[in-house]
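Next up: some structures, all given as structure tokens.
Okay, so chain A shows up in both of these, paired with chain B first and chain C after.
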Partner chain A sequence: MHSLAMRWTRFRVKLAETPEAVALTSLIVVFTFFAVAAGNFLSSLALADIVTFGSIMGIIVIGVAMLMIAGEFDLSVGSNFAVASYVWADLMNAGVPPLLAMILAVLSSAILGAINGLVVIGSGLPSFIVTLGTMLAYRGIARAIGGSDFAKYTQSRPFLFDVLNGPITFLNRLFEGGTNFRVSIIWFVLIALLMAWVLNRTRFGNWVFAAGGNPGAALEQGVPVKRVKLTAFILVGVLVGLASVMQFAHRTSVDPVRGEGWELIAVSACVIGGVHLTGGVGTILGACLGMLLLTTLETGLVLMGVSVQIFRAVAGIFLILAVLLNTYLSRGE
Partner chain B sequence: MSGNGTDTPVVHMEKIVKRFGTITALNQVDFTVNRQEIVGLLGDNGAGKSTLIKVLTGVYPPTSGKIYFEGKLVNITSPRIARALGIETCYQDLALVPHMSITRNFFLGRELTRHLGPIHWLDLHQMDKESRDALRNIGIHIRSPREKVGKLSGGERQSIAIGRAQYFGAKLLILDEPTSALSVGETHKVLTYTLAAKERGLSVIFITHNVGHVYQVADRFVILRHGELVGSYPKEEVTEKDIASLITGERER
Partner chain C sequence: MSRKVSMLMALLVVVTLLASACQPTPQVVKETVPVEVTKEVVVKETVPVEVTKEVVKEVPVEVTKVVEVPVETKPGADPNRVLNLYAVQHAMCAWDSFWCTVEEGIRRAADDMNVNVTILGPDKFDLERVAQLIDQAVAAKPDGLMVTVTDPDLFREPIQRALDAGIPVVAYNAGAGPIEDKIPYLTYLGQDEYQGGYQGGLRLAAEGGKKGVCINQQVGHTGLDKRCKGFVDALKEKGIPAEVLAISDDPASSQTVISDYYTANPDTDIFLTLGPNGANPFYAFMDAAGLKPGDIKHGTFDLSPEIIAKIKDGTTMFGIDQQPFLQGYGGVMMLTMVGRYGILPALPVTGTGPGFVTKENVDFVVDPNRPVNIYLVQHAMCAWDSFWCVVENGIKQAAKEMNVNYTLLGPDKFDLERVAQLIDQAVAAKPDGLALTVTDPDLFRAPIQRAIDAGIPVIAYNAGAGPIEDKIPYLTYLGQDEYAGGYLGGLRLAAEGGKKGVCINQQVGHTGLDKRCKGFVDALKEKGIPAEVLAISDDPAASQTIISDYYTANPDTDIFMTLGPNGANPFYAFMDAAGLKPGDIKHGTFDLSPEIIAKIKDGTTMFGIDQQPFLQGYGAVMTLMLKVRYGISPALPVTPTGPGFVTKDNVAVVEALAGTYR
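And then the complex of A and B:
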């Protein structure tokens, strides 16, 4: 009996060193549940929907995770997302070539990210407060640009749209009609791999962990903590901009409430995936699994005929359970 | 004084004054550290110990006074400059990042990288090897360089911070309360590493409240009270008791 308890403790410590464990286990449980409970969940249609929407949110989550590891929040990602789509739509409709317009759209998101970073660093206020403010401000900008109305792109689809987020035709043909795997999935995986490499194998990544884990110690060792955080804020902006143009390339329209509430979904995904709210701990893989879990939940519940409103309630319960589990596991540390 | 043929002190601070508004934190303080010497810097809370060290390490600019490093007048305006001169500080809470590995902490801010064209990445293998070897060379044995620092004991953490400073060529090591909150055994270890650092040619400033700990290793004691220098006493001239009463002011000079 004693040795069993010992073994469990040792296993628990191992699990605590793998921040993705809780998210992965939950994902498997939830996936299995819907596979059994929701009639058409195991269809290629539903699965393609999960990964296609999950990939757009996932690109945002990658940025948010990195920033949280650096010890900061960005609650303005949803609003920033809307701004980039409006900028792109309006520029293209004004006759700017799609590629140039796209670069300007992503650049505008990067600038909004930089503003977040500069205000946080300059004022010394918590990023939670600053980006809560810019969340409202950037939403206002999006509404102002769009005149509180939809923006659509109605001309013929440029090739750029397919590069960004066209259907993966050869893959979709393998499945039943209407299956819609899209290129954003490939971009998402590439970006996730790149960011995981940057965080774990580069000097900048090392500094991100140090800036979030113990900023005082990082400064003492000559790490330019402010510059690292500013870079992280800008990177979030760039990723939000990219996710935004990818989604627009698919839907070719944007509405004034696009991205509303995504900031908290992104933070939830990160926390479920083992990223610490206090900074210094987390993985890209974990955050992505967290995101995949939430997207699976949403799609599964919709397929079961449960109201979309219930999704938020269930997501909230999962968030709390995951944090409880993560806390329990890391008690051994 | 050491036997390496020069009497130039590593650090000589002259008539240092530091005022914060109307408060005088340091008043005309002289402070010297010689080569291969362990100096115990003692004083009660608010005596000016940490202010003096922050002036030396470039955190605070002095209101007036001069600092000489190895005989040369220097203007230490930032911690970076202090480090470039060879002054390394080991703070108890600000030394290491608990969730990062020993290796990553050891090389933090000075990471070894490999590159292919413009793409640089961490040479983790080399860093693991060098941090393990460097720590072993100064008598610190670690289980694995990939182990998280948060799992180590307080003494082990201090020893890694000391080892790191030595590895990166520190000439003057400043230990801020290195033994507070440590067990007896752990304290002993840290004191041993401090002596070992001296053997290797470093000078050490040992800041503490605990006369007992510093008395075991220091060559000289500098005592501050209310921002003023009480005096500098070679170990032969004072007992632990004397030092304690000098700190509190029961005894005057």
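And then the complex of A and C:
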């Protein structure tokens, strides 16, 4: 009996070292449940929907996760997302070549991210408050640029759109008609791999963990905490900009409230994926699994004919359960 | 230790419970079983005419039945199919009360027609989420999909995916129709803005007037501009000058603009406003100018507490309602028609509004359980004309689904005088609604007028031309829109281009047939293809010669439209004689016959246009039921049941259901 308890504790500690364990287990449980309970869930249509929808949000989540590991929040990602789409659409409609316009759009998102970072570092205010403010401010910018109206690109699709987020035709052809795997999935995986590598294998990655885990100690160790955090804020901006242009390349239309509420979904995905709200702990894989869990939940509930209004309730319960489990696993001896 | 394990177990149990709580509960469907069907024959002693009177007494018996969602949906149409429909909309009753009415319409229709509908929408305004919901709904492989086309550019791709997967799609509430939206869905159910302005104008100008003005708070907004155009057209038709006055959404400055206009044009006595933002400054102007109800005539679009108060006190003649209930109800109905009978919506835009709210109906109380007793009078019967069996099946089916009691009257041979008498007899029965065939408007005008004067809602089906052309103020005529049939047929034939088109008309001078040719010629001209009408006769041999001579003189003709078997049969004979193969030319025709069906199958004929008689019967019962229970009036003078296009894709369904549903 005693040895069993010891073994369990050891297993628990091991689990705690892999923060994505809870997210992975939950994802498997949820996936299995829907595979049994929801008609058509195991169809290529539904599965493609999950990864395609998850990929855009996933790119945002990667940035948010890195920033949370560095100990900061960005609640302005949804507003920033809308700004980038509007900038890109308006520039293209004004005759700027798509590629140049895209670079400018992503750049504008990076600048908005940089503003977040500079204000947080300069003022010393909590990033939660600062980005709550810029969430409103950037939303205002998006509305002002858009004139409270839609922005659309109705000319023929440039090749760039397909590079960013076209359908993966050869893959879709292997499955039943209507299957919609899109290029954003490839970008999402590449970005996730790259960022996971940066976090785990580079000095900058170490600095991110240090800056989020214990900034005081990190400073003493010579970690440029402010620069690391500013870089993380800009990275979030860049990733949000990329996600935004990818979605616009697919939908070719944006409305003034695009992205509203996404900031909290991104944070939820990170938390479910084992990223600590206090910083210093977390993985890109975990955050991505958290996002996939949320999209799986959404798609599964729709296929079961459950009211969409219930989704948030279920997502909220999963959030709390995940935090409870993560806290339990990583509890000190 | 064991405590920890049990905690973990407990968590797992909670997750499992949560998951199972979300499992779909089996749907309990209350089925109404017709228990007693009596058929009485009333024989009048003086006149030996048999009136077949069928009384379906329905005793609701509650049968609890679990509807299982079929794993594989059957291809094509099947009258007994359990349908699983999805509705995806950009707003929900949960956070926007307008949508409660739409959702109520969806649920009532689902209940009546015994179909399953899942309503999906975002939990706040989020069009990207709506686009994803469309994709997710497609993944559920439903038998039909209703969508609000709020942003056609955003939704084009997901809707196209649904269409590619063979899912019938209709748009409701938001959209502009498949042509303007550039998405080939079946139809859009919403308000016809031009007709709203036009019919409103006709009402305001009914008693004459000196000058009319349409007060537009957003000149340049397509929908609002259409309303004003309809109004101005209606007044000009009545010989009354009319123009548009631009105001803004700012009430104070708008009041000044209206006041200044009235000072400059003091003979203006007809005013149309396009919503509360026009009506409110207008009311303020009336107060300031000291105008009383009766001094001028005012109508408005939309309803608000102020507008309703002004309708009641007589200041405002009507408020135009888009009838959101009908958008939900009609959407489900159309998808059910497609899924069960292969019956297609006739037009790209199906008007749910204008619905006129006036002093008479402003206090209407909706009662979904109100008993409905209707009479139907038609000039022919299934008993001696098999065409009518399909119409009567539609009547029977709708009455059963909607729990409506009906009495069907008709002569025992073609006898219009007898039909006129039957109308009078039906009126004497004081039904809640009356549907009839207006075979001869002059003969039927007086009896129909008596019904209308008695306050009975009257609609026409199968035969008629609409209240305006027939000069009888009944609500609407359910039948084929002949012009639209020709026009939409022309668009199909010309879709891949062409050199020259000809409409082969066997009865030039016949109003209905001439309209078909006009529609065809207009469609081809729009596509830049010259087209004209070729007159033939009902004599097949002579007609074949005429067609042959025409083709010799115009060898570049490659698009042919015939108006029925009497045009199609000599045309086929001409093709054989001239050695033309399917593919050499394009051919479409009105109506169906065994020959036409065979030619559709072998690819010679692209389509046969069906007036969809089942829908005429079904729609007649439904329209009167909606009027009696929900106060919903048909939006347009003509409610088209056709053109329904029968092509190679659906000809098998039509053939299988021919004689009963098609």
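One rule holds for everything that comes next: the second predicted complex is superposed on the first by the 331 of 333 C-alpha atoms of A that agree within 3 Å, B and C clash if a C-alpha of one lies under 4 Å from a C-alpha of the other, contacts with A are read in each partner's own complex, and residues count from 1 in each chain.
Just so we're on the same page, contacts are C-beta pairs under 8 Å (C-beta built on N, C-alpha and C of every residue); 3 or more make two chains touch, one makes a residue touch a chain.
These numbers come from a predicted model, not from an experiment.
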{"item": "Contacts of A:317 with chain B and chain C, given as first, second, both or neither", "value": "second"}
{"item": "Chain B versus chain C, judged by how many residues of chain A each one touches", "value": "C"}
{"item": "Touching partner for A:37 - first (chain B), second (chain C), both, neither", "value": "second"}
{"item": "Which superposed partner A:128 touches (first chain B, second chain C, both, neither)", "value": "neither"}
{"item": "Which of chain B and chain C A:251 touches, first, second, both or neither", "value": "second"}
{"item": "Partner chain in contact with A:175 - chain B first, chain C second, else both or neither", "value": "neither"}
{"item": "Chain B-facing residues of chain A, complex", "value": "197, 201-203, 205-207, 209-210, 213-214, 216-223, 280-281, 333"}
{"item": "Touch list for chain B against partner chain A, complex", "value": "79-80, 83, 89, 91, 93-100, 104, 108-111, 113, 120-122, 124, 148, 150-151"}
{"item": "In the complex with chain C, residue positions of chain A that touch it", "value": "1-2, 4-5, 8, 26, 29-30, 33, 37, 39-40, 43, 45-46, 49, 53, 150, 152, 154, 177-178, 180, 247, 250-253, 255, 257-261, 298-299, 301-312, 314, 317, 321, 324-325, 328"}
{"item": "Residue numbers on chain C that touch chain A, as the complex places them", "value": "1, 4-5, 7, 11, 14-16, 18-20, 22-24, 69, 71, 92, 94, 116, 118-128, 131-133, 135-141, 151, 153-154, 157, 161-162, 164-165"}
